[in-house]
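Structures for review follow.
What follows is a pair of complexes built around chain A, which joins chain B in one and chain C in the other.
Now for the complex of A and B:
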């Protein structure tokens, strides 16, 4: 049914679920008129069902919730701890936050997460780029500009989450990716020609064969509904766009999905369904999974992307690891973004060795002392 | 959660290991030979270029090379997929737009060449394939003045008659003849049917289905063996997105291949590799007349997807090709190839060629069932729940066997209206629902063909 085909009745409407209270809102997913209490109930119940049907958690597991201080992760933390209590999941929940070192943006949102720690009673761990890699995003942007900064941040954050999860000794990481995000990703992968990712991007659990599996309990939850929930429950969250993100490719998909939602709300779920149903041959060439030679992190190449990027930063070669063509650089013997000569590492520089520190699984970063 | 960088190139940012994105036209490709090449056609390097392909500045062609390039894509698609063989009678669906004008032109040129060869050849062993043209008059669904539509039909007759020799039969058929009762009766029924569909997108999609059914009808009643559509890359790109958006990800790969043999008469898409922009350029270069029928812009989901793809194209002219290429990596269905030729009149070389090049059947011979309304193959585990058939015991088959997309956007929401709806659907769709699982038997039959003694089709 088209969104504008329902005639508007004058006078107060009753909630279509309990038919007792006055309807306070229209559900973005179904356009049903519903009261606040029933909205909370149906919102939480749907997520509970997703968790059950997909067997996301097991009793006794330690779960880290990726917490940025934004609406998705705040609502996720709130709902998960609520459901954990109500339905006795038996989970040990933690908040895991990543400090990229973006002044004016991240420090504000981190304050939010610290408040969440108190409000929800969930222990918080913050891992920072500065500690892990020796660089903050501010410093990175100063060096490489605004062009490929998202590359660095995204790659570093993924590893940072895994490292933080390892430090917390958790069994899984839960992230607040919602239905809109996943629908956007499906479209993006079609537009970008990435058939390998297309086959994986709708999975509700990923990385099961890697260090820490991740799950997305909000896979079928609409972004608008998350916002509504946070608004009505008066949850504490921080909402601003990252200051280093110019409008970009995902923006196209996002615009489109917003327009789509207006004329057919269920289209978001339909996109996800299509993504799940795509007939992709299992013999399609997928990247082979190995480990990084420098730090031991999961990688399909000899060095993981983070190591390559870091090397570039440390050597003043901001383009290292960026883009597809990796030409030969005459003065540093670089092939495929990997430095072959270790002697080229300067004194005082952060570098990686092949030695893996037994205390933490992936670390191998040291300051060079010649 | 989102990467917001427009030019982000990392592998963490959706540009994957296997991305085959074509280079943007404004990247400085290595210019070999310096300035002298810039004013010459990139193909023959002799003539002055008069137009650009979608590669922008890097693909400037002279008129002949441009045309040959396009025709070459057409010819390759036809040969590689054995779309048209000598004994075939080919029905070209002509809407009046640029794509169908070009495909008509190319099919004609191919036929013309074949005719010349035949005339020049002494032993006359290879007959020339026949070509017919079908135009579907949808004026009863729009508010055109009858003058407008009559002029359009006149123009079309002129175009077709000018494409002789060899002469081609033209069928001008009103859309309401799908109901096999003509005149007012058909018009009324069509109007009732379309009015019963409240969703705008559902209406448009249903109309597309009716169009295909009608083409099938015309083809089979007049002995045609192939239906040629002028569907181009751009239209396929839009279809990929809109099918994804409607939840039809499973059946998507069935609609976008070169050949679609789901129906009685196989449908072929020889212009699949040609972008609309190039087809438009060809029409203006060659002075190919088109008949603008202004069927009205698409609205609803289809219109939205169209504008979306247009925006993407403006940002990167090779986006449509990338979309089609990605979707091309999805596994097709067993019916996405021409049926095997058992006709001994067809030269064995052609038959061997076809066997070699057509797609292998997809693994297990699953007997796909199809949605009776849109003919999309249904995923086994996705059998729609029979919740909707509660209110309607008489026709649970149709409702239960329709795909989720048709259930949502075409079938009436109110169960009490279902009976009435079914009464105005074309007979072909109802019949399909009753004999749902017939899809795969032809393929099974092919396998055991040589051992069958009886010639009858009615053992099932």
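Now for the complex of A and C:
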């Protein structure tokens, strides 16, 4: 029996890597029992390998780390800083934070990012919804109610990150999306039949044809390991659920993934693999990417989603750009981009639909002409 | 049995925002050991003041809540069957929040 600080606890396991120290955790990825020191080493090394194998960065690049003050972005900032130093990536790292204007949630987590700025010595930039769009999330929720909050927030946040990145003049944005997040997204897209997103959501680098590409160095990193790393290393992070999230659809996918992980932890990586290898039938029509007529941002429709949502907010039409049908009956026809024959919609009114034209899914909007 | 419990990752909100609890848990009737299974039931009854479904599901913790006994993953010591000893430190960390 090996010497242990608690001799009564017979069967205390040894680390299977170094066989010296007591095992501190069981890795969900490999089911290995591993001690703290070996865990740090393998955690950091695996991320380093992901960065190399996928060529995420080039020497001399300026990289903005999307930092919310939460567990993933804090650990990402810490690990990237460390790997940048250790392996001489030659990167200029920055912290980029988005203030959505959610009282009691974002204001607290921003305090954490400000501390991270000092702790890791990385310059911080904060961009806010109020400055960019004229609306805080609190104001938006007051207008639209407690459903579809994440739709607004997610869309606005993506653009906010791009705007912030442009202001910082960085070459890429790195976000802390972890394996659990990506597996949830794959499931969500399957549940919603969103083929376009399904084909993109497992890419480790996205937006290469856009203004600022983004990458997810934690794509294969388990959430459990990120939390254990942060706990053992005593990293400072903020951990409260967004007050609007309990109503989010993603919660169901998350619950399912967590239950799956308990039975078969490997399922998370396997779902990602399924998502990566998914092939779409050549006869399926996919939306094409162009630019938004109003703001020039990347869009597969005439107007980008953010412009549609903003238009809805500013015109007091909170449902604009949300969901599928907008009260159209099944007789409504589409011709040359105009909807014909609908009693409840007024001439010249901007409204959203998707049932009529199956390509549009969540994005379609039209001006009614009778 | 005297134990120190720590709640992190947002779980402290379920215990009136108190992160650390020094507790004295009675062994179940007729038992000579305290298991994690027993402790969880005790915690649910005595410490969790709201939304118990955020902490537990069935007789175990909600999936997504990590448990450490003396800084070791409870998966290594048998999860619910882990036996606790005097002065042990048990940490519960939720991973279910934004990153």
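Here, the second predicted complex is superposed on the first by the 308 of 370 C-alpha atoms of A that agree within 3 Å, B and C clash if a C-alpha of one lies under 4 Å from a C-alpha of the other, contacts with A are read in each partner's own complex, and residues count from 1 in each chain.
Throughout what follows, a residue touches a chain if its C-beta (ideal position, glycine included) is under 8 Å from a C-beta of that chain, and two chains touch if they have at least 3 such contacts.
Here the structure is a predicted model, which is why all the values come from computation and not from measurement.
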{"item": "Joint occupancy of chain A by chain B and chain C, clash or fit", "value": "fit"}
{"item": "Which superposed partner A:33 touches (first chain B, second chain C, both, neither)", "value": "second"}
{"item": "Partner chain(s) touched by A:267 [first = chain B, second = chain C, both, neither]", "value": "first"}
{"item": "Partner contacting more residues of chain A (chain B vs chain C)", "value": "B"}
{"item": "Touching partner for A:259 - first (chain B), second (chain C), both, neither", "value": "both"}
{"item": "Partner chain in contact with A:42 - chain B first, chain C second, else both or neither", "value": "neither"}
{"item": "Which of chain B and chain C A:241 touches, first, second, both or neither", "value": "both"}
{"item": "Which of chain B and chain C A:167 touches, first, second, both or neither", "value": "neither"}
{"item": "Which superposed partner A:231 touches (first chain B, second chain C, both, neither)", "value": "second"}
{"item": "Touching partner for A:24 - first (chain B), second (chain C), both, neither", "value": "second"}
{"item": "First (chain B), second (chain C), both or neither touched by A:194", "value": "first"}
{"item": "Chain B versus chain C - smallest C-alpha distance in the overlay, whole Å", "value": "6"}
{"item": "Doubly contacted residues of chain A, that is, touched by chain B and again by chain C", "value": "72, 176-178, 181, 241-242, 245, 254, 259"}
{"item": "In the complex, chain A residues that touch chain B", "value": "1-2, 5, 72, 147-152, 154-155, 158, 175-178, 181, 184-198, 241-242, 245-252, 254, 256, 259-260, 263-264, 266-267, 269-271, 273-281, 284-285, 287, 300, 305, 309, 321-324"}
{"item": "Chain C partner contacts - residues on chain A that touch it in the complex", "value": "6, 8-9, 13, 22-26, 33, 68, 70-73, 109, 176-178, 181, 223-224, 226-228, 231-232, 239-242, 245, 254-255, 258-259, 261-262"}
{"item": "Touching residues on chain B, where the partner in the complex is chain A", "value": "1-21, 198-201, 240-241, 243-250, 252-253, 300-301, 304, 308, 311-312, 315, 319, 322-323, 325-327, 329-331, 379, 382, 404-405, 408, 413"}
{"item": "Of all residues in chain C, those that touch chain A in their complex", "value": "8-10, 13, 62-64, 66, 68, 70-73, 75-76, 85, 91, 93-99"}
